[in-house]
Amino acid sequence: MASSLHIKGIRKAFGKGDKAVEVLKRIDIDVEPGEFLILVGPSGCGKSTLLNIIAGLEEPTEGELHIAGKNVIGMPPAQRDIAMVFQSYALYPTMTVADNIGFALEMRKVPKADRDKRIHEVAGMLQIQHLLDRRPAQLSGGQRQRVAMGRALARDPQLFLFDEPLSNLDAKLRVEMRAEIKRLHHLSGITTVYVTHDQIEAMTLGSRIAVMKDGILQQIDTPDEIYRRPSNTYVAGFIGSPTMNFIPGQVERSGDSGKFVFEGGSLDLPCPDVQQVTLGQRPEHIHLSDDAPWRGQVVLVEPTGADTYVVIKTAVGLMTVRAPANTKIQVGDTAGMTVSGRHNNWFDHSSGVRLKEMDGHHAP
Amino acid sequence: MTAKPFSFGRVVVYGVLLVAALFFLAPMYVMLVTSFKDAAEIRSGNLLSLPQSLNPDAWHLAWNSACTGVDCRGLQPYFWNSVFMAVPAVLISTAWGAVNGYVLSMWKFRGSEVLFGFLLFGVFMPFQVVLLPMSQVLGYLGLSSSIAGLVLVHCLAGMAGTTLFFRNYYTAVPRELVNAARIDGAGFWRIFWRIVLPMSTPIMMVTLIWQFTNIWNDFLFGVAFSGADSKPITVGLNNMANTTSSVKNYNVDMAAAIIAGLPTMLVYVLAGQYFLKGLTAGAVKG
Amino acid sequence: MKSFENLLPKLVIAPAFVFGFAFIYGFMIWNGVLSVTGSRMLPNYDEFVGLAQYRQLWDMDRWTVALKNLGIFSLLYVGGSMALGMVLAIFLDQKVRAEGVLRTVFLYPMALSFIVTGTAWKWILNPSLGLEKLMHDLGWASFSFDWLVQSEFAIYCVVIAGIWQSAGFAMALFLAGLRGIDDSIIKAAQIDGASLPLIYWRIILPILRPVVFSTILVLSHLSIKSFDLVMALTAGGPGFATDVPATFMYTMSFTRGQIGLGAASATMMLATVAAIVVPYLYSELRAKPHDR
Amino acid sequence: GKKEEAAPVAATPAPAAAPAPAKTAVEVLHYWTSGGEAKSAAELKGMLEAKGYEWKDFAVAGGGGENAMTVLKSRAVSGNPPTAAQVKGPAIQEWAKEGMLANIDNVAGPEKWDELLPKVVADVMKADGHYVAAPVNVHRVNWMWANPEVLKKAGVAGMPKTWDEFFVAADKIKKSGNIALAHGGQNWQDFTVFESVVLGVGGAEFYDKALVKLDPAALTSPTMTKAVTTFRKLKGYVDDASSGRDWNMTTAMVIQGKAGFQFMGDWAKGEFTAAGQKPGEGFLCAAAPGTANAYTFNVDSFIMFKLKDEAAQKGQADLASAILSPEFQEVFNQNKGSIPVRLGHDMSKFDDCAKLSAADFVATAKAGGLVPSIAHGMAVSPAAEGAIKDAVSQFWNDDKISVADGVKNIAKAAATK
Amino acid sequence: MASSLHIKGIRKAFGKGDKAVEVLKRIDIDVEPGEFLILVGPSGCGKSTLLNIIAGLEEPTEGELHIAGKNVIGMPPAQRDIAMVFQSYALYPTMTVADNIGFALEMRKVPKADRDKRIHEVAGMLQIQHLLDRRPAQLSGGQRQRVAMGRALARDPQLFLFDEPLSNLDAKLRVEMRAEIKRLHHLSGITTVYVTHDQIEAMTLGSRIAVMKDGILQQIDTPDEIYRRPSNTYVAGFIGSPTMNFIPGQVERSGDSGKFVFEGGSLDLPCPDVQQVTLGQRPEHIHLSDDAPWRGQVVLVEPTGADTYVVIKTAVGLMTVRAPANTKIQVGDTAGMTVSGRHNNWFDHSSGVRLKEMDGHHAP
């Protein structure tokens, strides 16, 4: 019985009068029943605040909020039937791990036996069975975070809210947890809003991603769409790591095809009908090519194991290129770059807004 | 905190603590040795000298048979009056203060801070002012000269103070904990009972100590609002200590004083053990 | 339903509100009314005398002495108890051995009623029985400590006994606060290179601010209401050299059958307190650095 | 097992006469808690229990009844006053003015109190011509006590009759290494001594003008200055540790031979007798210097509150009657050191000091030397009394106050309404 | 003047007697002056504890610790001249952000003017200038973490200790911070120990990586070495995300060359001289190939934007393969896999220890 979540024109300001800080500026999001919405955005953009408002922990300054079709503004958190993982864990310091996990169930009058079973299930899933008798102060950071997760996962709520639940886990565990969350979501179909800073999590977990900046929703779309067709340079730069390369330049038209000219080089690409544009190219779509005419100097070579990122200084700025792990290039070398031409992101130069006309218009 | 076992700092720490302990213990020492001396010894000896023998007569006398007025049952009956008065009054006023403090720190509402300010200012009202109107109120309620009346008075008089203790302690408890509990489905009372109260051990102990001491040692209300059958121990003690025949029985007075103070001291010893528990460390980041 | 949860906290605080106001403020008003009547032995509301009681009050030497004593006493007593209590709490927090025993030793004076500790202190401070005699007996003939019988100094004896009784409680309050502080903050300060005294002064004390606030309030109200202490130790004497407003008020209202005058003195007491405490309350309750 | 101990039940020896339907409780608020006084109270208790009442003892010690007065007011205001309470002097009239006291003429009339009691005493017991209180005893305040051993050692022969003689004797005692004057530094003790000094220096008539009528002229007269000077001089004979000392500890100094003289009311005699001493042998008693022909009296009494319950009213009557009964007066006053209020009471069983007191009482009553004690709440309203007491005590304790200022302060205090 | 750090036989147990938990078991690490050591390991393995011991916040149960050649056991933290970022931030709640950052400088008697300058520099670097007057309670999670960073970076210590300093930052900011840290380290050359869960951080920041597990040091080596030659299956699986695929099987020798045979397939590879082995292959070294003989069923397709990870179920377990972003494969398809053969990791089957003999022994 998945519930929908409708956020309508939510505004939130902290403080009063002159000192007021507007943290959310008219957020509208509709989350379908059973959806897994990822919420991303730079630090301090208002993600946690939005979750708090959904949970009923903060009152919005303005706006409406419907859960399962019911207006919940003013309804106390306990009645909203929401499970939440706090960014700051917020573990009960006086309770053991088991009690922390079981508390919400107890509040819902789940019989002791069922509760214990559930606690053990969840603890097993999170690999913290051996810690059940400890208190939060005796746990490591990652262990605390898993307890915080366990507290939410033990329940069967209308809505899950996760605020960076895996940030303190190692990569391996994070992959496992991610898979676990995905599996659980498949099984239960509970509507979920999930804040993360992890690109992989964002791309793989969610059915849609909402990108926020400074309290304003920038884009909300499927991961694939967001990655491939970011609606502005902000989203384009925010999603994907290393970040997308931006090349400001001019379009020089000649009949049907055009040419993109920029300081230090030019590219033969299907171009939009706008003069001043910015071309966005992700690191994996730029290739090193010894004899390419567009050249620059290598300033940084970062092997990450699976790949090596090469940062090249050009007239239009630093370009990051993903190269194979065994690339032999070195700092100080001169490198040429080519662009495949099939993954062009065109943005209006001044507004940064995506030029939609070019979507689906790929070179052969 | 780490420190080398025998650093200069440690010596200073222990030195200061020891000197302070002596200062605090001196009157007790005097009282204790005096209570075991007999009259002649008190007169001849010096303040600090040890008694020649441990003479428990004064203690027996103080407990069972010392006279105040025509009544020669020692402190015993007063003692039990005090117990019946102090225990409920302490528990009620502490619980009341805890709940008030909880509301005033975690469920703030418009005007709650002002309300708190008003309550606090009430702490400063001299109790003497209360005596006569309070008698009248107790008379109306039919509680005058009864233990129940004393309990009521002590609860009212102590409420502002206990509220202050809890409220100020709770302001340091991270809000996130309450938020988490609200999400977990706990309501107002459950959050209090399960989350907040378990974290309150140190301040609970302080408040219990405070209230128990105040109520147990109160004389003014005890003398003004009690009847012949409900006089608390301080009144008994006062009668005894101010009751004098030619040779002032310092030894009995001191024994009586120690007896009167025993329950409070016991509470301190017991309460003190819980000081270390209930730490909030590691609760949240930031 | 939803309004109930919002209402509940208010309902819960309501009794405190109602009783607080009825008893505290009701009685205050009652007292104010009495102070403009000519009440003598028992309250008498028929005889309106205007401000005559106040005039008489300010005309009395004894009242001036009482106010002056209150000033000296509260300042030294509150300051002394806080300072000693803080030092003891901090030192006890250094993972010392026998902490439990020491804590009890520092606290127990609170346990004893002043009716008797007054007697003990009276004895110790009495020049011909106590400390002075002890020192003389021990061969220190020039030692002199006769404050208790000196009109000008007797009030300081009251201060000493007061600090003796209350410092332990201040210590307990501080210790409770100290024990509630997150360890990692102290660790961070150590890493930042702060010495232990500085850590306490700059990091811990500010965090303890609400506790300090409680302690100041509690101690100052004790000092203003210091009745038992003075009664037991000096009964206001020698003469009325150690009289304080609380004993003054009690004596006037209950012994001398001048309830009107007593009420006037109580009103003045409250007014004095208000003048000092209300701004403090206001600033403390307004600045909310601890809200999370 | 603890439960039974918890509720204090008055230890009642089975009364012989009373048939035992629920006994009426007689709750008596008093401040007789010291040894001799308590024994006296026990006497009264016994008599009432013999009449079938339950005696509820409400003793509140301390400070000459200050605490007891607080309790009494609190109880009165709550509408739950005790059956009777120990109140004396002009305060009786004040209570009566509040309309709280019961008329006990029904006892006083048949028992002929008007004839039994000296008029000065009877007047104090009446309000608007009706008896509202029952007197217990008469204390003489202007006594001087002495330890004969100390006097002998110092070479003092007999009790000084005038203040000059006193100072000569005191100097001798001082020289012999003892404390000349035992004094407790509490304000009422200061005041007690002061009262005797004024009586001794100025005589009964002056005393009456200055300390009873509070005549401003008398209060600022040279006689007053002389009295205050004498008073100041006394301080030189008191030890350092006097501050805050209880009166009986002070008496003990005389008993133990540490000090020569003490000025205190005749209740001090109880301490001497309790210590096993006899008048004339272990201790000496005499009127304070210059007051042989005067008598400052202090009468203890019980006021009766208006009660609704008839059985309780009956109890009050029986209590009043018991208080005045010769048997009680005899035993009580022997314990307490005072003399019976009943005129013509047979004094044969009393000691010499009491006999002297009784004789002086009758004599001064006739000669006009009988004056109420101001220090013990018999002369003026509590407010004025308290204010004067403050001034006197302040003067005593603060040597920086000049005699002239002392006189001025006292006169000013006497103006307190 | 970079300082060395020598950790010798450090042991640490929490609790006493029966309840004792041994968290560190004889750790030996030598950090050269100016080195940037990355400390990784699963949650709860003892990383924070080790940092605490280095900082002097916990006493080791046993062992020696030398900073700049000086034994520092028993020396109070303030004298060790260390700057540390706490995993739990540990901000001073009553101080403003500026005061938090400036506190350590003040303690070191840096004049007010210099201090303010430094605070603003650091705040600028961390993009928190606009928050300098706030208190920690008024900050978002990521902002708090940056303040915690600022507190350390404002200083010029002998040793930097970072405990997951970037875990709550978004990818973009994290990249910037990473670059900043790298730059600072280059400039100052201050010896640094850095705990992280982020693979990229681990691979790109450090000069060496120490991998811990259950309080035991597993391997300490350069990033490249750790990635390419993990010394046992644990390290192999821990480093790299998604994790390395392990294929247990037998070596069938035939003359000089051998053949690796396992359930459901076999590979022609230069094989070690051991019978029972486990072959480790990273996802990027397995390729999808429609006609390869080693086959399995696709159970999960995870597009991450730049790449798509395909999880294939085989007789020897799940294999994760990195495929190009535009891979058209779908869940349920059958897929064939080949191995390049140049990046083989051979491990002893039972002990999991790397078979060193094969290193450098690559197929042509």
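As written, the chains take the letters A, B, C, D and E, and residue 1 is the first residue of each chain.
Following the convention adopted for this analysis, contacts are C-beta pairs under 8 Å (C-beta built on N, C-alpha and C of every residue); 3 or more make two chains touch, one makes a residue touch a chain.
Predicted model only: the values in this text are computed from it and were never measured.
Chemist: Hey, what chains does subunit C share as contacts with subunit D?
Modeler: Common contact partners of subunit C and subunit D, which must touch each of the two, are B.
Chemist: Once the contact rule is applied, which chains count as partners of both subunit A and subunit C?
Modeler: B, E
Chemist: Specify the chain most distant from subunit A by Cα centroid.
Modeler: Most remote chain from subunit A, centroid-wise, comes out as D.
Chemist: Per the contact rule at the top, check every chain pair and give me the one with the most C-beta pairs in contact.
Modeler: More C-beta pairs are in contact between B-C than between any other chains.
Chemist: Between subunit A and subunit B, what is the gap in Å from one C-alpha centre to the other?
Modeler: 56
Chemist: Just how far, in Å, is the C-alpha centre of subunit C from the one of subunit B?
Modeler: Averaging C-alpha atoms per chain gives centres 15 Å apart.
Chemist: Please tell me the distance, in whole Å, between the geometric centres of subunit D and subunit E computed from their C-alpha atoms.
Modeler: Here subunit D and subunit E have centroids separated by 93 Å.
Chemist: Where in subunit B do residues touch two or more other chains at once?
Modeler: 3, 131-132, 174, 176, 187, 238, 241, 278-283, 285-286
Chemist: Give the residues of subunit D that touch two or more other chains, as numbers and ranges in rising order.
Modeler: Within subunit D, the residues that touch at least two other chains are 63, 70, 73, 77.
Chemist: Listing for subunit E: what residues touch at least two other chains?
Modeler: 56-57, 76-77, 88, 91, 93, 137, 139, 141, in rising order.
Chemist: How about subunit B: which of its residues touch subunit C in the complex?
Modeler: 1, 3, 9-10, 13-14, 16-17, 20-21, 23-28, 30-31, 46-48, 96, 99-100, 103-104, 107, 109, 112-113, 115-134, 156, 159-161, 163-165, 168-169, 171-172, 174-176, 187-188, 202-203, 205-206, 209-210, 213, 216-217, 219-220, 234, 237-238, 241, 250, 253-254, 256-258, 260-261, 264-265, 267-269, 272-273, 275-276, 278-283
Chemist: Which positions of subunit B touch subunit A when the two form their complex?
Modeler: 174, 176-177, 179-187, 190, 194-195, 198-199, 278-286
Chemist: Give every residue of subunit D touching subunit C within the complex, in rising order.
Modeler: Contact set of subunit D toward subunit C: 63, 66, 69-70, 73, 76-77, 91, 94-95, 97-98, 185-187, 190, 239-244, 381-383, 385-387, 390, 393-398, 409, 416.
Chemist: Please give the residue numbers of subunit E that touch subunit A in the complex, ascending.
Modeler: Touch list, subunit E to subunit A: 14, 40-44, 47-49, 87-88, 138-143, 145-146, 163-164, 167-175, 197-200, 203-204, 223-224, 227, 237-243, 282-284, 302-307, 322, 325.
Chemist: Within the complex, which stretch of subunit C touches subunit B?
Modeler: On the subunit C side, the touching residues are 5, 8-10, 12-13, 15-17, 19-21, 23-28, 30-31, 42-43, 84, 87-88, 91-92, 94-96, 100, 102-117, 119-121, 123-124, 129-130, 133-134, 137, 164, 168-169, 172-173, 175-177, 179-184, 186, 190, 196, 207, 210-211, 213-214, 217-218, 220-221, 224-225, 227-228, 245-246, 249-250, 253-254, 259, 262-263, 266, 269-270, 273-274, 277-278, 281-282, 285, 290-292.
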